[in-house]
Amino acid sequence: MAKIKVGIVGGTGYTGVELLRLLLPHPEVEVISLTSRAESGRRVDDLYTSLRGVCDLKFSDPSDASLRDCDLVFFATPHNVAMQTVPELLANGQKVVDLSADFRLRDAKEWSQWYGEPHAAPHLLTEAVYGLPERNREAIAGARLIACAGCYPTSIQLGFLPLLEAGLIDVTHLIANAASGASGAGRQAKVDNLLTEINDSFKAYGVAGHRHLPEIEQELRVVAGKAVSLTFVPHLLPTIRGIHSTLYGKLTGNIADIQAFYERRYASEPFVDILPKGQYPQTRGVRGSNVCRIAVERPAGRDTVVVMSVIDNLVKGASGQAVQCMNIMCGLPETMGLQGIALIP
Amino acid sequence: MAKIKVGIVGGTGYTGVELLRLLLPHPEVEVISLTSRAESGRRVDDLYTSLRGVCDLKFSDPSDASLRDCDLVFFATPHNVAMQTVPELLANGQKVVDLSADFRLRDAKEWSQWYGEPHAAPHLLTEAVYGLPERNREAIAGARLIACAGCYPTSIQLGFLPLLEAGLIDVTHLIANAASGASGAGRQAKVDNLLTEINDSFKAYGVAGHRHLPEIEQELRVVAGKAVSLTFVPHLLPTIRGIHSTLYGKLTGNIADIQAFYERRYASEPFVDILPKGQYPQTRGVRGSNVCRIAVERPAGRDTVVVMSVIDNLVKGASGQAVQCMNIMCGLPETMGLQGIALIP
Amino acid sequence: MAKIKVGIVGGTGYTGVELLRLLLPHPEVEVISLTSRAESGRRVDDLYTSLRGVCDLKFSDPSDASLRDCDLVFFATPHNVAMQTVPELLANGQKVVDLSADFRLRDAKEWSQWYGEPHAAPHLLTEAVYGLPERNREAIAGARLIACAGCYPTSIQLGFLPLLEAGLIDVTHLIANAASGASGAGRQAKVDNLLTEINDSFKAYGVAGHRHLPEIEQELRVVAGKAVSLTFVPHLLPTIRGIHSTLYGKLTGNIADIQAFYERRYASEPFVDILPKGQYPQTRGVRGSNVCRIAVERPAGRDTVVVMSVIDNLVKGASGQAVQCMNIMCGLPETMGLQGIALIP
Amino acid sequence: MAKIKVGIVGGTGYTGVELLRLLLPHPEVEVISLTSRAESGRRVDDLYTSLRGVCDLKFSDPSDASLRDCDLVFFATPHNVAMQTVPELLANGQKVVDLSADFRLRDAKEWSQWYGEPHAAPHLLTEAVYGLPERNREAIAGARLIACAGCYPTSIQLGFLPLLEAGLIDVTHLIANAASGASGAGRQAKVDNLLTEINDSFKAYGVAGHRHLPEIEQELRVVAGKAVSLTFVPHLLPTIRGIHSTLYGKLTGNIADIQAFYERRYASEPFVDILPKGQYPQTRGVRGSNVCRIAVERPAGRDTVVVMSVIDNLVKGASGQAVQCMNIMCGLPETMGLQGIALIP
């Protein structure tokens, strides 16, 4: 069988190089196109030394023909790029996995409130399938266009899912206290992201309103089957990778063994791991891997439940999840190319 | 006027060397005794190079006579040390500032539940004054024995104080999501504290129950004037110093301008700084300083209030606070020796 | 063909878990035994969460029979362990790859000077083959016992090799200024390795004499064919992984194009990569990979040549190199299981 | 006596905020002017939260009159700024301490080779006094214009000084292997300085030629009294502050006790500390302090001497040294305002 031909738009960022790390050794995929307006003509292994010896690709201009020869195209771009080009690719019969925020919100008006401009392809917002396989596996299998779940949203949804599905917590007062490594901000030349500004320090940001909030509330609403109210406070960690979400909810229903309940819910999920009672996840435990590790605790037997959920923001929170979606869309085993073990220490 | 003669018991740990950093240049203090069973006879600047040229002291055995010549003694020891010796020092007419947990809880039974042994001086638990000047300034001024507030408890109480005093939040569902740098665990040779175990990573710990919880609940109860229920989840940061607490409460009362409300409450406090609206504190902003910086936010105008509170765990969370208490006890200006500016970057 | 049965003695340390990360997905290997006196009976994925879902092994006592069933045994132990057991394993017809220092020095007297006790198996010191495939590939193929090259020695030898082989530098005045991440010190509970002691800092150590010096001089002497004198100064980096060696030598011979000279020497080596002129290696560029990246420069055209050589101390400096040796000993493709791409960022 | 009125040009960078940290509590100085073209009108404590409560200054435009009222002006600017304005200030009878590279080289032609443009005030290059008090104390006392020694040059010169003055090493083959924290690159929005690019990593840079090389060689030549040849390789540390230089030289003369020799040379220097034999300096040991700590070693008694020299690049390598020069120029005690103890841990 011929390999699947894939392209990556926006290959200079961190999700781009991470896609290459995962796709180059993937047994059923061939990366044939890699675009970047700014770096057009430059070898990718000149920018990312780690790829020397394993990748001969050069960045090409997005207008390059090679993109049109792909069976499937990943967008590893900032928001507002994919929505300009996706309609044309779909019309051309190509599949698209978008890692950006362009197709995550269902409501074009809400999208433009948060992203500050009109949406360029609002007709695709309802067609786009939300790329979180643990919730949408079947829809993903049949989709042309995937809007990959964001990094914070992935860790928060997987943590809250069992409680919301079972209607066990007060959805009017959910709290998600999350922390992300600096790669979440991408490879942008900003003073705020300098080592000298964020190393040996910690802070909250976006407390008054973060772009991931509407995405999370939209999706939790679907799960809960009713309106939810989430207080979401992201923080910046002085680490490169990793998201740790600490979730708080007030139990409303009765639950005998919350540990067993979580274990049952995720028993057949290849990329969700419920830790044994009393063990808590650390971000390094998933460094470089596609696994989401979760612990659940009910301190002092009181009515507040605490869920801890960690992912590698560049893998399960971005490129790994994108490859997982691709595997599903293409009828491949879902875990193919995604079984690398986390790098510890 | 003669300088105040002070001693430090347990000077080899991080709060010990931090006391020296603050006390050696203090204009009204002379450090005359520094004890350590393990390092007796060794020069302190041999252990801590930073003190070369500014400190000729040697560690002496705790039984050494010099401790008895002090006007005031700091305990920078693990729990269960101070309570053995404090009664004798008090009987000798000496003042004591204890940085450990020995005298923080009012209830001897509760103390022994959390610390696993009977309390050695239960009769002093009610006399000991809780060392958080922003709440107890007058009592501290007249005290013989200070139980310095813990690091997490300091940042959490200063954050919740205005809301609890005014009865504005639901005290049955308080949440404190806190994160501390690794120096909070002291200078102990444990695998868990190795750079290789915690750098480039983040995790929660003590979720089922942390020793600081009873202290915080006890003190919040005093402020609120009724029982409170707090969910406290500490996390470990890959930084050396700093505590960041993110506090969540459900507003019950009406408050027009929560920003102005916080600013008013702390207007005359020299070591509490309310940031302008929209600015959030970072731990590096208080690195090495005795200031607690606080921001308050009400996301989307909903009924959940978010308070962010940062301190340097070794300064306002330990040694700086101890010096602040000493200044008050000795009738010195409260800020004396504590006006160093945070080290940025 | 049946898979090769391997065992790991001392699997609780960082080189142990790294061996598992590399061997578990290795297509021709089955790990059947994992020993640890201290953790006997404990599941390895309880100690290293990263292995959850991919490894069901429990640590067994070193006396456990399973070790005798192995075709090949890795020693990932501190020095002075392997030399006690290796003779028995060899007598039993098993192959051994020792990652420790026990068989690296040819001279038992020198060994006991540096390691403070008599060598337990001096008769094997001449039989043991020094495990640096880029120098000893053929000898490794026929060996029963491999003494894997140390981490600093690997990066330093690969950097100096071309110049020494060609007799182009003054061997009486070689300088190796090297820096290692903290995992080089292993997973030992020592104050010196705490995050609070080494993060945000940098220092030299072992300047008066480091145990790797006799190993490096012994091997450089073999390459040069005469006595060499090396000044070796190791430094401690506030990173988890990575060794960076900056090597200095005085050119004695004439060399037209030193860049081309290095490229030629390593043209057919799968795990040595000479960077293009003007690019310098960084330790993150080999994080988790078995590659050694090297740059060579001749500042201002003067007679001092500077070589920069980086490896991941736990991979090419330890476990990866051990697997590479195993592949060669067992007639497998040398790169099998070792082609993982470095984790960037 | 009236306080000395000082101004800071370019107060938004890291050396600017560090000058404020040192000058605001200085008993004999009043900062009356702080300029920044980009941030004109903004309060400095809005940019640097650490200054809240201790500094009411706003940035003003460099053309602002307040700069003309200063007795002394610091330039904390990138190169090519000071040389435009300094002539006017000197003509106005004001003193200048320049932290940038504008007046460090004696030769205008060499300056323009390294900085890519003609020098704007070449007539001042010979008048400018090189600001390294340990070498030039008397000249500094009488100077109008100080060219503060660079960060790498300070640590390297202080390390080599005793050996060069005494003619004890081969000056044709000096090696300086140095490493700096990221604040050495300033507060510039560059991808290369992002936490995600440099944390948990280490690399050399500028190996083919670094702008500090001509400065160091020029000054070492003055000390040695003859031409010197230095190989200087700077490296980038994943830390915020700190420079560690490891220096290598071949002993030519005879020296009985090199430890005592170094101790004697610096016995009366308030800011140079020779560590006891066998102790090596770490960068954290001078974090925030103006001290240079040095160790000297002669491995295996061979003829290569190794000197380790650490400073805080923002203090003794920049702002602290500038204040030290100011103290000398203004007849104040040299250590005034510079006795802060390093922050450990």
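Letters A, B, C and D mark the chains in the order given here, with residues in each chain numbered from 1 onward.
Note that in this section a contact is a pair of C-beta atoms (placed from the backbone, for glycine too) under 8 Å apart; a residue touches a chain by one contact, two chains touch by 3 or more.
It should be emphasised that the depicted structure is a prediction, and the values quoted were computed from it without experimental measurement.
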Any idea if chain A and chain C meet via the same residues, over half in common, or different ones?
-> same
Tally the contacting C-beta pairs at the A-B interface and at the A-D interface, and name the larger one.
-> A-B
In angstrom, rounded to a whole number, how far apart do the mean CA points of chain A and chain B lie?
-> 39
Distance between the centres, which are taken as Cα means, of chain C and chain A, whole angstrom | 36
In angstrom, rounded to a whole number, how far apart do the mean CA points of chain A and chain D lie?
-> 45
Note: chain C residues in touch with at least two other chains are 14, 181, 183, 187, 196-197, 199-200, 238-241, 281-282, 285, 287, 345
Could you please specify the touching residues of chain B with respect to chain A in the complex?
-> 173, 175, 177, 179, 181, 196-197, 200-205, 207-209, 229, 231-233, 235, 237-242, 244, 246, 248, 250, 278, 280-285, 287, 295, 297, 299-300, 302, 304, 306, 308, 310, 345
Would you tell me which residues of chain C are touching chain B in their complex?
-> 14, 181-183, 187-191, 193-200, 238-240
Which of the residues in chain D come into contact with chain B in the complex?
-> 14, 17, 20-21, 24-25, 46, 48-54, 183, 187, 199-200, 240-241, 273, 275-276, 279, 281-282, 285-289, 291, 293, 314, 339-345
